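Consider the two complexes below, in which chain A is the common component and chain B and chain C are the respective partners.
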Partner chain A sequence: MLYAVPAGLSLRGWNMPDQFNVLLEVRNVRKFFGVRGKSVLPTAKYVQAVNEVNFSVRRGEVFSVVGESGSGKTTLGQMLIRLLDPSDGEIMFDGVDLMTLDDQQMRRARKRMQIIFQDPYSSLNPYMTVGDAIGEVLEVHGITKTTAERDQRVDDLLETVGLRSATSVRYPHEFSGGQRQRIAIARAIAANPEFLVADEPVSALDVSVQAQILNLISDLRASMGLTMVFISHDLAVVRHIADRVAVMYLGRIMEIADVDEFFDRPLHPYSQALLSAVPTPDIRRSKQRQVLSGEIASPMSPPSGCVFRTRCPHAIEACAGVVPPLELKSATRSSACIRDDLLK
Partner chain B sequence: MSVISSKAVTLGKAEPKRRQNRLLMTLRGVFSHRLGMIGGTVIVFLVICALLASVIAPYSPFTINYTAILKPPSLEYWFGTDELGRDILSRILYGSQASLQVMAMSIAGALVIGSAVGLVAGYLGGWVDEVIMRVVDGLLSFPAIVLALAIVAALGPSLTNAIIAIAVVNVPDFARLVRGQVVAIRRYEYVQAAKAIGMSPARLMWRHVWPSVRGSVIIYSTLKAAQAIITESALSFLGLGVQPPWPTWGSMLSTAMRYGDSWWMSVFPGLAIFLTVLALNLLGDALRDVLDATTN
Partner chain C sequence: MLKMLILRIIQSIPVLVIVGAVVFSIAVALPGDPSLIILGENAPEVERQRIRLELGLDRPVLVQFGDWMFKAVQGDIGKSYKTGEPVVSVLAARIPVTLQLAFLSMLFAVVVGVPLGMIAAIKRNSWVDAVVSVLSVSALAMPFFWVGILLIMLFTLKLRLLPPFGYVPFSEDPVQNLRFMIMPVLTLGSAYVALVARQTRAAMVQVLSSDYIRTARAKGASELRVVTVHGFRNALVAIVTVIGLQFAGMMGGAVVTETVFQLPGLGRMITNAIFDRDYGLMQGGVLVVVLGVIIVNLLTDMAYWLLDPRIQR
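Take a look at the complex of A and B:
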């Protein structure tokens, strides 16, 4: 059925990796953080924040990464725009491995990729006016030549994100959380990027403001043709904004699926548990709530084999033996679980 | 609701001009700050006294008068006379020239070099940090006065060399202070955000890291200024600073130690130092408040 959709009509439903269509490709990316021990000798202790992650993001889509705190999604997001260097693996942005760029090339490449942070209270420099904070992006990339031109563009950007242009002379502390996040967004889109990482952009905001900011992000994505990686732990938000969803657990991807498919029929036991934890007003469905026992395992000593097996209700002995690879289970979905019998 | 709308109204009118001269704005801020105003006035007064010492001083600071040795304060000698019968008020006025110079220039030098070193070490981290901070630790392990002595001894005694020595001695303190703060600030998301924009490290340090550090650096330097005067007096005492008979506040103080009964010999230079440091402190406080007014 899905193959019947003519190419180009809809971005959803494509799953065959199309090299012309892929903006970002993550290949076998790992990130280990060394843990400094008490001993003088270098210890071999590492936190495995991200482990063997593979996925690709197509142009124009919103690819959402979900997971509990500690699952490595923020670390992953920072590596996508090389705020952190991966310990291993490649991050191909428009066909170029970001790790092969030198400092200057990387600085130039940053024009094309931006990030919105979770906390708008710490992502804006308190010592800089809003106008300077946004204008700075234009200056760094030489987008505007004169001060007048710069100020005009700053005003335009502020209006684009729904703020009055007069706000450019104010300091961040004079704004509410929602307004600050708008400023952070204006700054992120100032250089007209193609790719945006949104790291929990609404989770620090009041619920009443979340929807406004989400709508703003959606609108900008449509009008600017942005490709986005949207990191979140809030499944309702993800369902609203994402085209595809990747579920992370303990630094590994458990499942990748189209958003509707994911919410209708999650395959991986962890995805199922996550979705069943979403509160539902339906009394019959709430009975089926599946509560995971225990805590997320320590990333310093993850379980052997499948990292989820210690909390998985369907775990069998074989799960401890091998790390299940992320495999294509259908045209639009991949999952990392050896219990294929469950994945129906 | 009414609160919100009234705020919107105030935001709407009387918008400040877009880019005013930062220095001018800061100065205006300091002078509308009451304590800053007091501190600033005192400093200006002291500087004028230093510049006009030859005009205002009632006596020559050098003329020895054996008929007026160790005279207590009187109408004739307001601040009394020293062990050679020289007028203390005149010596304080002339002494302020050297003392203020030593204070301002050595601390300014230490501030600039120390802050730059601390910024680079703290921001870049890794081996750069290790190398810089080990050198700084090495310098810190000398007692300040011993290090200053060694430097002046190597360069030769003079006012300029005393300033250089005091600056060098203070560099490690500033470097440590700044580095510590930078390491904390580096983790803030706005520093990450600035990096994500594609800014050069130099610009990032200057525009995004330094403004968060400068407040404490300013306060610290006003404290250090007092120490600079004392260090200078120690150098002068050992004949390595300003050469006698030229007076400095510090050397006047150290001479006064030998004449404990003549309280005026130590009290007045002491008061001069106290007043200067207090004024600097007030000014520093005001400066920090004004620079921080934008954040809180």
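Take a look at the complex of A and C:
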């Protein structure tokens, strides 16, 4: 049962014993973005993109973050490898708070953590050959010493992701979306990282290509022993690839659960609504579909108390009073909801 | 590459013919009679008639144009009405002056403007950015003759460092030549420093906010590498464009600058030719300027071809 202790626990002063083998731990992370108003005065308004997020990711697992667009999952993903600095909180990677690293240390640390971006079109430099784009990683980290060595390694990487090695002299615009994402994956694994953030890696691709790329990511994860944070809004994809799932809504985590449990019996009302929105061929189940009313609230002025209460079918008066903490509800999952009576 | 180059050269021929026609029509439409310029106000009608016949001005305009074009193609663009010198030899003396002025001004604009724009883009919305922006707008707003006069007041009258105007060919006395060139280059260059700085800033800001810059950072590339290899390299196409496009505008600035500093360049030659009703010289001068602009555009296109792999083939 050790395997299933949710990350929410670390919040309450627990230190994860070593045998849990946590690679990444996120503690009380927030990210606020200033919004430029019409006034000349300095920023007065903030968007709360990510708010008090806590979880940890064990070595070798695929931790999936799901949520609607605007829920803060991309912002969170970028903070995990410090492409964005959190406004507050700690990102512990292998026991070290990334925020304490200086520029040079951080750059060196990037060898161990990589990211696959959502858009394979804009995330590749259009003026750089594929070989140079991948080779840059090898050069920057001093992995290969000579050009010949570098080219050989680039060819190997391209082959690993299922592209012909001759592609290295060509430019990104000569490739399709799926091929570009393969190139991006080759770039991400070039330095042999331990940790990979995949930020909606297939959502910009044709459905027919999505499965290929997902399988490639699965294969690489297994062969390289990667630890992954997989960000997606596509629940079918998450079910296929994830070990554990965290649900985000308006910058906060609503629920963390093992993947099977989550899909079988979601706890949080928002999780339930998300899952019931997935089209199903089963007539009996489709009758129970919950349709959320309204739009996701504005992150500039989130509702008081529980951020989901404005759309929650089970909301009661008390929900407006306190922000429900992410609490352990069973041995294997935690949820941020005060309506424990619903659990029965 | 060669194919594209040849195609572009062929494409520029109609441009030259059209410009030739426009210049020729303007010369015809301008008030004033060359015969009066040559012979003076009180010349007898008989003499003036003789001059007109000599210059071929009695023929129909279309015939005059055809004749002029026909000779121009063979490299003979006529004689100066005023001095009788072949236009080609007058131009040969004038072109190097303007070429040097334009080249040095562009060099100045690039050497100062590009780094300024880059710093402004990297430190976007900081006080550095604000200072560069204010300086750029001021430099753009000041007319060339005004900048020129201010410079003369400073360097000649106040500091007594530089001669106010004049010219010596570079081949005769390089040091003196450069002393004469400093103020004209600062005058003409200042506006282009501003243009280049603003364009560089805009291009860099756009490039630096793109996704592949984030990718480069994620790779672990140093900030210097991100800004130069990924940032500047990709902003270069836009910067080269503004430099190429501004060359034509620079010819206009050269007219004023050469007048203020008494430089015997093309710009001043064309101005004088217009005042003198020396159509032959004026046509030749304008034709050379147009040719220059066409060549620079061609070079700009070739620069694109070298800089952007997506344009190739």
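Basically, the second predicted complex is superposed on the first by the 322 of 344 C-alpha atoms of A that agree within 3 Å, B and C clash if a C-alpha of one lies under 4 Å from a C-alpha of the other, contacts with A are read in each partner's own complex, and residues count from 1 in each chain.
Rule of thumb we're sticking to: contacts are C-beta pairs under 8 Å (C-beta built on N, C-alpha and C of every residue); 3 or more make two chains touch, one makes a residue touch a chain.
As the structure is a computational prediction, the values presented were derived from the model and not from experiment.
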{"item": "Simultaneous placement of chain C and chain B on chain A, clash or fit", "value": "clash"}
{"item": "First (chain B), second (chain C), both or neither touched by A:L205", "value": "neither"}
{"item": "Contacts of A:V137 with chain B and chain C, given as first, second, both or neither", "value": "both"}
{"item": "Touched partner set for A:D151, first chain B, second chain C, both or neither", "value": "first"}
{"item": "Touched partner set for A:V22, first chain B, second chain C, both or neither", "value": "neither"}
{"item": "Partner chain in contact with A:V307 - chain B first, chain C second, else both or neither", "value": "neither"}
{"item": "Touching partner for A:K111 - first (chain B), second (chain C), both, neither", "value": "both"}
{"item": "Which of chain B and chain C A:S168 touches, first, second, both or neither", "value": "first"}
{"item": "Chain B versus chain C, judged by how many residues of chain A each one touches", "value": "B"}
{"item": "First (chain B), second (chain C), both or neither touched by A:L326", "value": "neither"}
{"item": "Among 20-28, 56-64 or 200-208 on chain C, the segment whose C-alpha atoms clash with chain B after superposition", "value": "200-208"}
{"item": "Footprint overlap on chain A, where chain B in one structure and chain C in the other make contact", "value": "81, 83, 107-108, 110-111, 114-115, 117, 119, 122-129, 136-137, 140-141, 171, 173, 184, 187, 191"}
{"item": "Contact footprint of chain A on chain B as seen in their complex", "value": "11-12, 15-19, 188-190, 192-200, 203, 207-208, 211-212, 291, 294-296"}
{"item": "Chain B-touching residues of chain A, taken from the complex the two chains share", "value": "78, 81, 83, 106-111, 113-115, 117-119, 122-129, 131, 136-137, 140-141, 147, 151, 164, 166-171, 173, 184, 187, 191"}
{"item": "Residue ranges of chain C in contact with chain A within the complex", "value": "210-212, 214-223, 225, 230, 233-234, 307-310"}
{"item": "Touching residues (chain side chain A, partner chain C) in the complex", "value": "81, 83, 103, 107-108, 110-111, 114-115, 117, 119, 122-129, 136-137, 140-141, 171, 173, 184, 187, 191"}
